[in-house]
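The two complexes that follow have chain A in common; it is paired with chain B in the first and with chain C in the second.
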Partner chain A sequence: MKVSAIKPITFVLVKEIGMTVLLLFGVSIIAFLIILASPGDPFAQLYGGLSGSEAERKALYESLGIPTTWYGQYFSWLGNVLQGDLGNSIRSGRPVLAEVVSAGINTLYLTLGALIVTLAVAAPIAIYTAIRDNTRLTISFNLFAYMISAIPVFWLGYLGIYLSTHLFGFFPLGLGSSDSGNIAKFLLPIFILGMGSGLISEVVRHMREQVSRVMNEEYIRTARAKGAAVWKHAFKEGFLIPVTEIMAIKMPFIIGGAIIIEQVFNWPGMGRMAWQAAQDRDFPVILGITLAAAILVRLSSLLHKIVFVSVNPRASHL
Partner chain B sequence: MSTNPLIKIEDLHTFFYSKAKQAFIRAVDGISMEVPRGKTLGIVGESGSGKSITMMSVLGLISAGPGVIRGKVIYDNGRIKKNLLQGLDDFVDLQEHDGTIMQVDKDLYGWQQHSEQLMKNIRGNEISIIFQNPKAAFNPFTVIGEQIAEMVLLHTRINDPVAAKAKALYWLERVKMDAPEVRYYNYPGALSGGMAQRAMVAMALASEPALLIADEPTTGLDATIQAKVLQLLAEIKADLGITIMIISHDIGVISSLSDYVAVMYGGTVLEYGSAKDVLSTAYEKKHPYAKALLASIPGLENIEKNGARLKAIKGEVLDTIRVVEGCKFASRCDCMTDSVKHKCNTQQPPLEDIGGGHKIRCWLYQ
Partner chain C sequence: MKIKYIQHTKDVSQYSELSLLKRSDKTDVVFVGYGLFILSMVLISYLLGVLGWLPFTADDMDMDLMMALPGTGSHILGTDFLGRDMLTRLILGIQAYFLPGLLAIVVALGLGTFMGVLSGYRGGYAETVITYINNVTDSLPRLVLILLVVAAFKPDIYIIMFVVGLTNAPAVASLVKDKITFLKQKNFLEASVALGLSTRTIIFKHILWYNCRTLLIIQATLGMAEAILIETSLSYLGFGVQEPTPSWGNMIQAGANYMMRGDFWPSTAPALAILLTVLGFHLLGDGLNNILEGKRRK
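Now for the complex of A and B:
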């Protein structure tokens, strides 16, 4: 098979997945080392608390069948991971994989929902301000974008809780709570994260830049000269590519915001779980969540690459 | 069928504002010209003389402010007769002093919206354009065939995508594209400059327009490709009887196609007449600029006349920011006689008919 016969999209997929595997490997080592360097030991209670001696610790580890060296521990963990076993949570005793997946799905709802809110607010502002420069409305839109992005997300979250309890008489709880059927309660955290993650002003700036650049391209002039709909011609380069681009770049940022919002709204997602696990020194859970977060970030970047390659003939043809 | 010109431009002004120089760039400064039905008008002039801006102004394609601020463009194909700039001056507030425009306040967005309204059913449908740099003028994200088919769907009675594709293929064949079936699925980036220009011509013709505007259609192409594109345009002109406006800095390109020629300089028309009169060195009554342009073409005739050295026009193209009191070409003119010198430097000559529709803007002929 000739190299040119391989579809560019396959090439991108293989390359991205390969990169992801290497990256996850690196992430797991670093996370593992950070955990090791941090004070505390989940088994400390079993051998006399923090006052326990090194010899007592070794004896306990050996009796439990845990390797005593850090690389021994790492590779035994890695060996299990490669077989699809992320271990059990030290706190709850349940398998980490199942816990992380269910929490991950909740986080996905939150982050994707927030992303949609961000885009729904930012994209019209970006397009409007790109097409019409310096009217009173563009200035107020810009001001709004910057101000909303300057507000810390936790503050906005508490404000949302305050307003909803005082004005509407309910306390917004996240998914999994007994009355999660109530759509308003369910949507408030999503809305708050979408507005408050600080992304709005960045999306506005990036998209405005891209839209106004594309609107000045010669092929847009041709579209106008043809009497064709300009947005149809500008859509791919002016909207689709910038949106996936900013999404891929800002995914870690949104996950960071999600951790805070999950705390504020008691949303049973990865962020809250990570917070809990860090306090409990629940190492298998921390590692599992770190990997899941890395996978989420890589997935969004993969999505961007796929969109870019499939809409851009200069990347996929020739 | 009426004998009115298909398109008639009257007193068109297109300005831009230079922030750096705090002054207006008078890109098109009061142009009037007309294109008779079925004929070809060539617009020639050095770079920066306002040729392309004139074309863009006619079609409302200028997006920067102030842009078109005054003038009329009357389009009359026998069925539709309208001023393509009708009512646009309501969006422009001009402050004049001694006949020169000092300040322009323009509601750019309102102007553009209104212009779009006027241009509906005109752009693409009645008037098509071929741009220079065809590879950049095509949408790089779509195959060229679909872009041609889009034109068919938008502006002809064909509503069916399959029929539109067939029509697009017909036009690709018509412009002598080799392997149209293959080229249909090519992205613009995969085409050579010459092929892209052929595809551009096919796209422009696909709406079966009454007027074809070709803006520097051969600039940037190899000499042999240039000749082929010009030959293609000549064939189309002969076959379809379409009216063409061709814009070029190259007198060779203009002369091969034009019936009428307008010579532009500094945003004004200095000479307008039949191609045969304006472009032949034998015809004596000529604007000094046109004369100088003709003398600057490399060619046997000029070598015999001037020796081996090419005769360049002295000086630089007019800086269109400056407001010129007299004739715009005065500073570079070789033909100024003592009797008109004072007038040349103080008063702009009118574009006067010197007989038979041949118009010259020069005090020598008044």
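Now for the complex of A and C:
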């Protein structure tokens, strides 16, 4: 097959996937080094506790077949990770990979749901304030966005629980509880995470800039002049690209908020696991979660790149 | 000044002879005013805490007056669930943020500026490496990274805020880099090189001091807001400042246990304090950005 027969979009995608792999590699090094630098040695008991000398330590490591250098240990760990072996949880004794995947799926429900809530609230505000300039409604919308982002998300969570129990007569539960038939109960944590966690004001600001930039473009003026639907022309650049861009940029923040919200609502996700692991110093679990979170962030970024390249043909030229 | 005025007709407002106050948007002025008010309140509260000029002692429990509403007896802002004076604890709570927050800001701005100048002014190899580091830190959710550090070291708030500063540095770096890339198109940098100014003078005086200081001040105010929210989250998770030392985060966390009974005040008071303060820092940053960097200038 000739090189020219391959679509340019393929090149861009291959480049992006390569970049993703390279970045995940960097994340794994950082996470591993932090754990390696932590005080204490799991084998200290075997070579005379704290009084053991460096030579004794080396001898023991060699007899157990453990690499003595940090990069040796890193690569042996990385080799296991690439084969899907993240070790066993120190707390539960079960394999980390299975636990992280099942918890990760629950977190995915929470974060994706929250993103939809955030966009449903923020996008209309952003578009309205971009099209109308400084009216009284614009300023109050802006202030609302600022204020909701400044409230600690867990206080909002407790307020939500109080209101739902006292006003609507149900107690919101985490996913996977015995009463999982009633889906309305799961909506509260998703709603709170979407509203809180400091996202709305940033999404509004970012989208407003993008929308008002696109609205001032000449092709929009042309579309308006010839009487075409402006919305149709502005959709790709003014809505689709900013939305996926926000997803990509804000994914880390949503995961951070999810850690808190999972704690408030007892949602059996990665955040609660990370909290538990930090309490117990359960290193295999927290390493697994760090990698999983980084993979989630990178995948959303990859999705953004794919959308960007496929709706914007200019971007596919290398 | 006059010559510039005649030569450039495009961006008149840049050379406008109206004062900054008159030509900027009224909403932005109000935002900045409110932000400065909050900033001075924070400074005053910190000083009051350091000097010990407080209405009550922080750990003084008044068993007859638990969860009192504002204005009960001599407690201006009421009491918490142990009958401790709310105003005193709110004022002392600032101490949990002030120095750690400053540390986070100093680390973020210092390292960020260094990285930004290196990649923007030098470019090339350094730029690639710094972009890579930037992307790696972007891939790690901050709270996950902090939990990882907590699991490894069980650190105190200063070390956590140092980590927060480290993770904020790449964002500052990319802003500084963008600014330098923009400045490089202008003639004055070329002129100052041609005049034989030392690189140090160009970077510190002409780039950083004359052209990046507003950007850095804005980042500092936003950084303070973030430090407050991060400490609050960590206090909620139990890794922040520990009771009985008051911080707004652990006050909300401890008070939230009483919310289900309908006793809102012990957790709402610190939540309101956070809301007003974080709002102040955000509005200050954005207002200054609009006024000085001219985002919304018509």
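Worth a mention:
Throughout what follows, the second predicted complex is superposed on the first by the 272 of 318 C-alpha atoms of A that agree within 3 Å, B and C clash if a C-alpha of one lies under 4 Å from a C-alpha of the other, contacts with A are read in each partner's own complex, and residues count from 1 in each chain.
By definition in this document, a contact is a pair of C-beta atoms (placed from the backbone, for glycine too) under 8 Å apart; a residue touches a chain by one contact, two chains touch by 3 or more.
Source: prediction; values computed, not measured.
Within the superposed three-chain model, A:30 lies in touch with chain C and out of touch with chain B [touch as defined at top].
Once chain A of one complex is fitted onto chain A of the other, the partner contacts of A:312 are limited to chain B, with no touch recorded for chain C. In the superposition on chain A, contact of A:224 is made with chain B only, not with chain C.
Of the two partner chains placed by the overlay, only chain B lies in contact with A:233; chain C stays clear of it.
Measured by the number of chain A residues touched, the leading partner among chain B and chain C is C. Once the two complexes are laid over each other on the shared chain, residue contacts for A:158 go to chain C alone; chain B is not touched. Of the two partner chains, neither chain B nor chain C is touched by A:15.
Of the two partner chains placed by superposition, only chain B is touched by A:132; chain C is not.
Of the two partner chains, chain C is the only one touched by A:274; chain B is not. The residues of chain C lying in touch with chain A in their complex are 25, 27, 132-133, 135-136, 138-145, 147-154, 225, 229, 232-233, 236-239, 249, 252-253, 256, 259-260, 262, 267-268, 271, 274-276, 278-279, 282-283, 286. Those residues of chain A whose C-beta lies close enough to touch chain C in the complex are 19, 22-24, 26-27, 30-31, 34-35, 37-39, 134, 139, 146-147, 149-155, 158-159, 161-162, 165-166, 198, 201, 205, 251-253, 255-256, 259-260, 263, 274-275, 277-279, 281-283, 286-287, 289-290, 293-294, 297-298, 301. The touching residues of chain B, when paired with chain A in their complex, are 59, 61, 63, 109, 119-125, 128-129, 131, 133, 136-143, 150-151, 154-155, 187, 189-190, 203, 207. Contact residues on chain A toward chain B in their complex (touch as defined above): 132, 135, 215-219, 221-228, 233, 236-237, 311-314, 317-318.
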